[in-house]
Amino acid sequence: MEMTPKTLTFIARSTPYGSGRAKALLDMVLSAAVFDQNINLLFMDDGVWQLARDQQPGMIDAKDLSAALGALPLYEVNNVYVEARALHERGLTLDTLAVTAIPCDDAHITALIAQSDQVFAL
Amino acid sequence: MKLTILVHSAPYSSQAAYSAYRFTESALAAGHEIQRVFFYYDGVHASNGLSTPPQDEFDLVKAWQALIEKHELDAISCVSSALKRGIMDAREAHRYEKAAANLAEGFVLSGLGQLVDASLSCDRVVSFGA
Amino acid sequence: MSTLHIINKQLPAQGLSACLRVMRPGDAILLIEDGVYLCATEPIAALPDTVHCHVLQEDLQARGLALPVAADNCQMVNYTGFVTLVCSHSRSLGWC
Amino acid sequence: MEMTPKTLTFIARSTPYGSGRAKALLDMVLSAAVFDQNINLLFMDDGVWQLARDQQPGMIDAKDLSAALGALPLYEVNNVYVEARALHERGLTLDTLAVTAIPCDDAHITALIAQSDQVFAL
Amino acid sequence: MSTLHIINKQLPAQGLSACLRVMRPGDAILLIEDGVYLCATEPIAALPDTVHCHVLQEDLQARGLALPVAADNCQMVNYTGFVTLVCSHSRSLGWC
Amino acid sequence: MKLTILVHSAPYSSQAAYSAYRFTESALAAGHEIQRVFFYYDGVHASNGLSTPPQDEFDLVKAWQALIEKHELDAISCVSSALKRGIMDAREAHRYEKAAANLAEGFVLSGLGQLVDASLSCDRVVSFGA
């Protein structure tokens, strides 16, 4: 008997390099991806900075987070969302992101959370 | 209910590390089952057995150890978070040729899969410090 | 299907404003740790009736605070109440 | 030959119990106090919450920070300042503080910093 | 007698606004770490001519950012420039 | 000039720990003298000798150790911050009857007086992570 897949939603709200939180959330997502569940990844607030193009983290001896995000499709993490308001507030646009993401308004985010069995934010 | 506790913050640096402990204690007192306590990111500092706070301050590592022992809790410290932060058991110390191990008794090092696994099989996950 | 939103920081930009935008009727807010400083602020006072707000008593009293008399949409819970809130909502979500 | 005393200013900007920063700054102040220098201690922003009366940190197994602050005169730390604006914004008043402090406006704080040899904030 | 104000967080409430209130003519601001996100914001654009603003190049480029063209009161420094700034002001002060 | 460096934040948790290292390296390259590097609060985690980051990540503990050795830096980890956080040398391990010590070579445990002393006798203090 197969168990019904659950829905796990991960909310990335941290800047990419100021702390290790962005990387820590991404590691959680990749770990969850191998469990064959429904995975949502949502970038909100300052988390959208993780999606900025042309990051050169080698300048501060850090690993490239946007490159790691580019590997999400290999893990079959395809439900990648971004808060449209957060992009706008930061002068970012969908077509200048390092990663393809589905824009969300507040109602869409509310629905994502309400449909989730568990939600993790970092 | 079956609860999973996720701890992201370090003792003495963030109150969240303490809140997680108090919540777990209260959940047990209310008759709930703790599926697993998972220490992640800075949360792993709660599993450093060398932690030695002043005698007149609350000792969170010891408090967790007592709770773990009393209730036979499954307490896992994320191995990759812990290694980065200089917390390891004898096995990892041997593997990385370190002269000492410092993982506090009662805690087990394991991977993030243990968090996902617990999250899928419990009723509620509660995160502290995030 | 409701969500418990847990807020543990005092700056609204550190969670409260995001939380307020995406919560829905029936959801609840719980202020803990430094989040308890928000209990007397305008965004909490302006919450609609459909949203319940709770404040962790231990964290409030530790800081020398009391619930403002006017805060009739905000109620105190202790750690036992915190556990009950977690169990009575479908999921919890921490906004730091 | 005696050296001219230096002026060290400590700016407390953290809430008392959310992190260990408030306690860490106070420990720095007490350590500096034994060096017979000019010590200023200024509470700014959320740091003024450290001065709130009726703290019961035993509720969360923490040590009473306001009690420790009460010991400052014993260490001859008498130049204790508080940002008036920060008090006002938080609904606190001078006469309801756990510790006696001199109220400061922005210009006064600017002067305190400019007169200091070193400034530490936490 | 000038002061170098170092800002390493992106929320204005985490340092920038306090710093702006108490700095004086001749002082300088240095944005580092997540503080570099502030370089394109209104409070920095509105700085008076008497205050110099600097942005750490390594932290800016790591994040995929560039100085806005309009930011003519803001200039990039590298780590060597950071050291020079510390030495050329009487004291430094970190606002986190 | 004579500079004192004060570090408040932990490696892997805050970029500030790395910034302090880069600044110190640049100050030395510019010919300045480092009076003392003082690791305080969460900053003491930089002195945990068991820290084992993944091979493809920057190892800040090793980087500090190399800089300390090359320039004979006076690198002090605050003893009370360190003990709370489970970092100790052999002497403290003996005193507190702990089975292991983990202070990284090159670092010395001492009190806050060393920070005040350095601050009074140097030209500039620069704080990271505060």
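Think of it as A, B, C, D, E and F in the order they're written, each chain with its own count starting at 1.
Definition applied: a contact is a pair of C-beta atoms (placed from the backbone, for glycine too) under 8 Å apart; a residue touches a chain by one contact, two chains touch by 3 or more.
For clarity, every value in this text was computed on a predicted model and none was experimentally measured.
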Discussion item. For this structure, I'd like the pair of chains sharing the most C-beta contacts.
Written reply: B-F
Worksheet item: Going by the average position of its CA atoms, which chain sits the greatest distance from chain D?
Response: A
Worksheet, complete the sentence: Maximum distance between Cα centroids and chain B occurs for chain E
Response to the item:
CA centroids of chain C and chain E: separation to the nearest Å works out as 35
Worksheet item: Roughly how many whole angstrom separate the Cα centroids of chain A and chain B?
Response: 26
Practice prompt. Could you tell me the distance, in whole angstrom, between the mean C-alpha positions of chain C and chain F?
Written response: 39
Worksheet, complete the sentence: Multi-chain touching residues of chain B, meaning two or more other chains, are 12-13, 15, 22, 41, 57, 80, 125, 127, 130
Worksheet item: Tell me, which residues of chain A touch at least two other chains?
Response: 17-18, 20, 60, 62, 117-118, 121
Worksheet item: Going by the touch rule set out above, which residues of chain E reach two or more other chains?
Response: 8, 33-34, 58-59, 91-94, 96
Fill in: Touching pairs among all chains present in the structure
A-B, A-C, A-E, A-F, B-C, B-D, B-F, C-D, C-E, D-E, D-F, E-F
Discussion item. Residue numbers of chain F touching chain A in their complex, please.
Written reply: 12-15, 18, 22, 56-58
Discussion item. Touching residues of chain A toward chain E in the complex: what are they?
Written reply: 15-18, 46, 49, 52-60, 62, 66, 90-91, 98
Practice prompt. Sort out for me which residues of chain A touch chain F in the complex.
Written response: 17-20, 60-63
Discussion item. Which stretch or stretches of chain E touch chain A in the complex?
Written reply: 8-10, 33-34, 37, 40, 57-59, 61-65
Item to complete: Could you please specify the touching residues of chain B with respect to chain F in the complex?
Response: 10-13, 41-42, 45, 48-54, 57, 61, 80, 83-88, 92-93, 96, 98-102
